[in-house]
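Common to both upcoming complexes is chain A, partnered first by chain B, then by chain C.
Right after this comes the complex of A and B.
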């Protein structure tokens, strides 16, 4: 059923064209509107006083000195704002009995992580506010803090003592119970006697999204609508949350996400800072601005990942997987964030990946700790799943002494088998894992690199070559509302679009999916240019302002194109439907005799010039000569709710050189063949893959949030939290296969998260592959030189202790 | 307060500043040069890179008073109005930006790099941009853009045309 094509031609050929981005003219010249650029008459500045303790009772907050400081307007504590500040909501209670402590945007009597807001200083300048924040004295009565996830599981020290447990929820899926597969316990029991069982515990370290633009919010309460500018991915959801928790009518709130400098899930949040700024602006009836420092961002903006993955894979001795059992512990941090509880559940359907596992069990327990709350970070649940299963497939191959791609091919869904219902109950619509793997191997020079690896191993080269494989898939295009409902998610997954055809024939596209670097203006313009047959330059894409784009569910989960793009297609088609009778009237023809080609209505089978849709727009605007009873408007809107996710996939191959004497890992080559369905703009797709790859590689090699035993963040600046630089990274080789998605008419699958999901296991598999002959079977992430060196020393030590040959 | 007088993007400016004011704060808050942005507080990210007397500096790492009497070029003065510097052109052409937040600093650093080494290897570009962080692009296209810019500039002598030259 899967059709593979490299041809995606369309009337004017915009789809598939490497258009340079419309967005860039402003961004490369500094003509930008970041939230922090906004200044308003009378605007006041906020500085947050943040908890220095991970867990403590607040016994006193003394604000007198700060209030008396020059240029300070006021200082508010949690108690001062408690009635008006609202709460931070949890939109995804994964079980009915989930424990969800109330999350006040500003603490009143207790702090539960270091960095939580305890007071806010309002001053005439940002500098004066920060100076005065130093003058606020907070007395804390320290409480024991639970910091590490494994400690949280033991339930001895409690993050929220009133809950009586650190456990928030347990969510599970079992293929035997669901009727989608067999019993995992039976498969494991059988494999223990007659087959192969691989048991591993993997640690998904905590990551910090680290968007480049620090979060910023400006609130102007002086108009009839309270206007909120915020560096957010989710203006619509934020407006809902502000209204729902403060009692201000939704129609009195306008949220604008102006230029937003990256998000990666990190700005998929209703933040305490937004709530506090909203409350203070209302209280003082003056505009306020809060812009975080980078240190505050690392400390208090939500973190991601942080799971312990306990994995059991059962297989036959000829390398067929018979079952996979997954038990996760996931660290929520101090609160259940907006969708934080559900992030591991997004991985629940993905551990079986591209494989035909006959039995599957997934369980996750979510735990509270006295650390920064966690939520979505690029991939959200799916990178964790992909990492674990792809590491296990390599371990299985190693155990069997086979090539890891051969073992995968034995277990994956073949291209003739689509559509395929997986053991976790998803229906994969299209894909071609064989072709993607074949192309990736060719691009990579797989056989040559394997030969080099053998040579180096044989010669005892201190720098060993490792080759890592990752054959990933992901579910994206979040999401079918019906499915979200069955998962107890608090909202739907549709997206809205409207098309306005202006008197001049220019076209305005309004989308509820607001961009923060993805290039929506360009890609969506290409779609509409093709659909309506108008010039690319004549299309303007508007987004990110709830007054201009009143309906939307925003940008995350690789949903913009596959959900938002399809809404635009459907709105465009309605425009054409509305234009047709008017065009027929102008041409004195029967509407049924008209064809619409390349933006022009003409009578089928005639050479008459016809009329363009832009000419119809002009005629509709003046409305002098319309068919009887016709509405003088071509404008149309559409709300699209997909009936399925989309399933990008790909084969990623990574070669690393590992210096066995120092533990240093260097990237040698990285090749990826991705199938993201039909590509609208190859330039943008490549950019998304490159950026995703580096974020995933960074999890493998460099990044990791660290706390000390008291819950103080040790990686609280870019000196300590290691984002990769140009000098750490390499250039990549990319290729594509195209198996169109069936969930939208564009055939697109989404590309925002693919690189991040795929690359982490490719890198770690490569490192382990380089060191396997020394006895190394795992290195914890991030695979720093120290950890790699330690892994080598341990393995060599064990080998010599057991009488093996250390070389 | 201290009086300073300097040239920013080709225009003379004079102001009173608190001695502790960083150059980037002065540019953004007093001059409204918001094209230059702040990405961190430890001088790691390079988003605020501008040129001071013809060389790149992280403007969070320079006090405004240290720029007194100097000449500052920001992203907004890199090319004459309505024109693009070859590095700006190359970033657009090679999709060297996504969210665009690091872009002003990245471009200013790349211009400095090319002024010093007009035809850098990939390795030299990677070494020269190490102090500028980008979270979106994975650097692949930034590196390609800078190398492409070097070709553009070689074909359009003199090198580094525009207000910065």
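Right after this comes the complex of A and C.
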């Protein structure tokens, strides 16, 4: 059973307060340590020579002209660096027989996607490096390239001919085999005779993460440790990967992720550029810097999504789902990236979403193509799952002629049924789908908009109104290490924190969750301020440097607050435990008689002032008068490994206007009621939801990476890869329900991905809803005006051909 | 994104600029606001040996009333054109198009003459200039000449400006009291036009006394929808007249096919948008 409160009472402490972010001044003005702002004495600059071919044998790399150019120090090819450059690893082989081609950071004899590094120029200035890179000549013997995922499935042209197949792995989950539910095939067979079967194929287009700060790396090999600054989400994982694949001792590598300008999963990677920079710096024993251009970023930083989803939903005629079968094809691109094939597997547990499906089957086949490698992108597997199931629930409702919210309510887990073990085997601890839906409907004005929709249909208005529903959930707080173990993931899911109480009573919080723009410093300060009873301003959060924060598993999967925040809570509690006997000693009281309230130790039931934890810190520092045998330190560490995921959920309602004369879609209204558990900082949560919504809406309407048949990226700049700005969005109406998570004492569930996961199907459902009376039942994403217009034309054409009335 | 090395001069008079130009004519690019040229240089799509920056030539800036025409200096920024009451009064179509042009940052750097000289078929100023019958004053060391809008746009990113010439100003015949509308069709705000329609009309006594319709991105150069224009003149300003005229808007066009749509879709858009632009310009519901 979950406790649900909906009143937002004004907070008494820091938790729940709208705190402006401590980070804002430096992040917004840019007066900070971005990696590219770092300049070291004697630093050299790198420029990459990248493959112009999607698949080719390298027959020659001629570097003489480049080496002779002004201010060029050296030029290295793949062959030059092969022994020292290491490899890019795959940390999540999803099956024991997964095919995982070696991924050299710099190609030696063959290139397998356009944009792969084939040579690196080292020069005394970035301009000289770029100029000389133009002088490197590479001879290619072209090989046939497989570009499209559907072509890869046919296995005729091979991305890696030596593997003999484009198929990397097949991973499945079946509820009948797992004992978590019935047989899907039986459910489908029964529905074919007595019920309803909905079969659809959806395409998750390829997306480009498009973080604001391009990737950048500086490597300084001149100290005792080799120091690597990188615009990365994962300094700790990068250090491990550098050490594991180059033979340099982990203790000889220091990785610093200074302020990092966004990632969205796109910087959850051990990149070839980092490996090449590391190798070159070691080779020359001089500091080097590499900062990519935006063009290079779009071309060669990992992409996301790119799946074909083949869905079969079985239901009774009264709208109860009896089974869901999912078969995915997922495009890995040219290599299995760090998490790579694991991304669709993360979605495997979420296709059943908020529903009590009695039978479920999930299978994914991962394929290689001669395209940029793919990996995590905001939501990673879960947006794909949510999209497909929420599209299907709308299709089911349409087929039955019922309201999509009513059909959902018939199938969802009710408030009283928590905790609930799902057909995919997860235990949902808390939620209240009824309340979130009720509040979202009220915000949205659902009934009024339905009435307007009916009027527009009736009058044949060229601008039709559609309403889309998305009742999403996701698994957050990655992740219980034991679960990761059962999935063959190559690491745990814990997080580490240290609290250092300084002589002046100020507090340093060290977290292994390295932020890249989320506001960790602010939210973590609020938690510690409340826990230790010290002023918010007295808390300093340190992160992103393996020397300062030696242990950590970084930031992704909405884990920082849920896992990293809980580690901070536990470390804080240890500080209080260490301070208590010292406080008792100072107060000449028995430790058991003390209470700790508002940052102050007091003898219970007395009005004596007591002593603050900051005063205890001073006494501990001088250590003049401590109890016998007491360690003179209040510092404490904690490592937290969650025993369950957290499960944010929400009801999102989107209204769109579709101009049937042009196909253009305009957002009319968007209302969302999310349950992200207990909210630490409402301002940060609103920002996360707003940004997330826009990113998910962008998948529905605008973004999509496109290649030509030769594997050349057509959307290689923001002229063609359409990234929305504020001018393209509307104001969102947001509300929350609060069902605290049970997996951490904060009750937080995570909010980093919620908006992105929920919004994409809400928008597409709205578009289809606007046009369904014309005969439209799907529009491929991104739903460009051209595609929407074609869908209308096709549907109207079919209707009139079959004697229907096209008006 | 680092451009190849180039030399740079920033003359303060048009004569100095023209002298530099004739000295280096085959290896030079003229830098106006740089909003199109700099990305081209940074992507190394062009590697000129010399950039002549017109930014310090004061005589090329400003908007003045010259009797029957407005004269807009080539180096006047989009922002200054869009903020101009003179333009609003006498060339409303230009003001209309300006509201759709790029974003505020670009409008503060980009220039009127620069955008027209760049002659991007998807740029938003060429069709309005054509529709308004602008004339282009082009300077060279030997003097200056005038070219009609109809002859100015000669091809894809090509104009009548010769190798030793610089666009100095654009004369726009006054269209005082004409209604105007620029319909720009894009997916996101900062995008180049998929199709744009620039319409300006003069309605007298309920009849169309005159109509001009320019089309953006319906060919390699901006086009006039001449069949639409001529079918309107003398007709009543009604939705029916406009619908019939708009149906002719794509006649004789040759639009591109790309990720945003094929040529047929663009022709369809041109017809729909022409109807909308004409209705708005003439105040017909």
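As a convention for this text, the second predicted complex is superposed on the first by the 797 of 807 C-alpha atoms of A that agree within 3 Å, B and C clash if a C-alpha of one lies under 4 Å from a C-alpha of the other, contacts with A are read in each partner's own complex, and residues count from 1 in each chain.
To be clear about the criterion, a residue touches a chain if its C-beta (ideal position, glycine included) is under 8 Å from a C-beta of that chain, and two chains touch if they have at least 3 such contacts.
Quick caveat, the model's predicted, so the values are computed rather than measured.
In the superposed pair of complexes, A:131 makes contact with chain C only, with no contact to chain B. Contacts of A:293 after superposition on the shared chain: both chain B and chain C are touched. In the superposed pair of complexes, A:252 makes contact with neither chain B nor chain C. When the shared chain is aligned, no partner comes close enough to touch A:482: not chain B, not chain C.
By the document's definition of touching, of the two partners only chain C reaches A:706; chain B does not.
Touch criterion met: A:784 reaches chain C, while chain B stays clear of it. Residue contacts after overlaying the shared chain place A:725 against chain B and chain C alike.
Residue contacts after overlaying the shared chain place A:25 against chain B, while chain C stays out of touching range.
When the two complexes are superposed, the chain touching more residues of chain A, out of chain B and chain C, is B. Within chain A, the residues touching chain B in one complex and chain C in the other are 127, 293-295, 717, 719, 723-725, 727. Only residues 1-2, 4-5, 43-44, 103, 185, 187-192, 194, 259-262, 265, 268-269, 272-273 of chain C touch chain A when the two sit together in their complex. By the touch criterion stated above, chain A contacts chain C in their complex at residues 126-127, 130-131, 134, 293-295, 661-662, 664, 701-702, 706, 714-715, 717, 719-720, 722-725, 727-728, 784-786, 789-790.
Interface residues of chain B, counted against chain A in their complex, comprise 18, 20, 28, 33-42, 44-45, 47, 74-76, 78-79, 84, 88, 91-93, 95, 97-104, 107, 122, 125-144. In the complex of the two chains, the chain A residues touching chain B come out as 20-21, 23-32, 34, 36-37, 127, 210-214, 259-262, 264, 293-295, 516-519, 683-684, 686-688, 690-695, 717-719, 723-727, 729, 731-732, 755.
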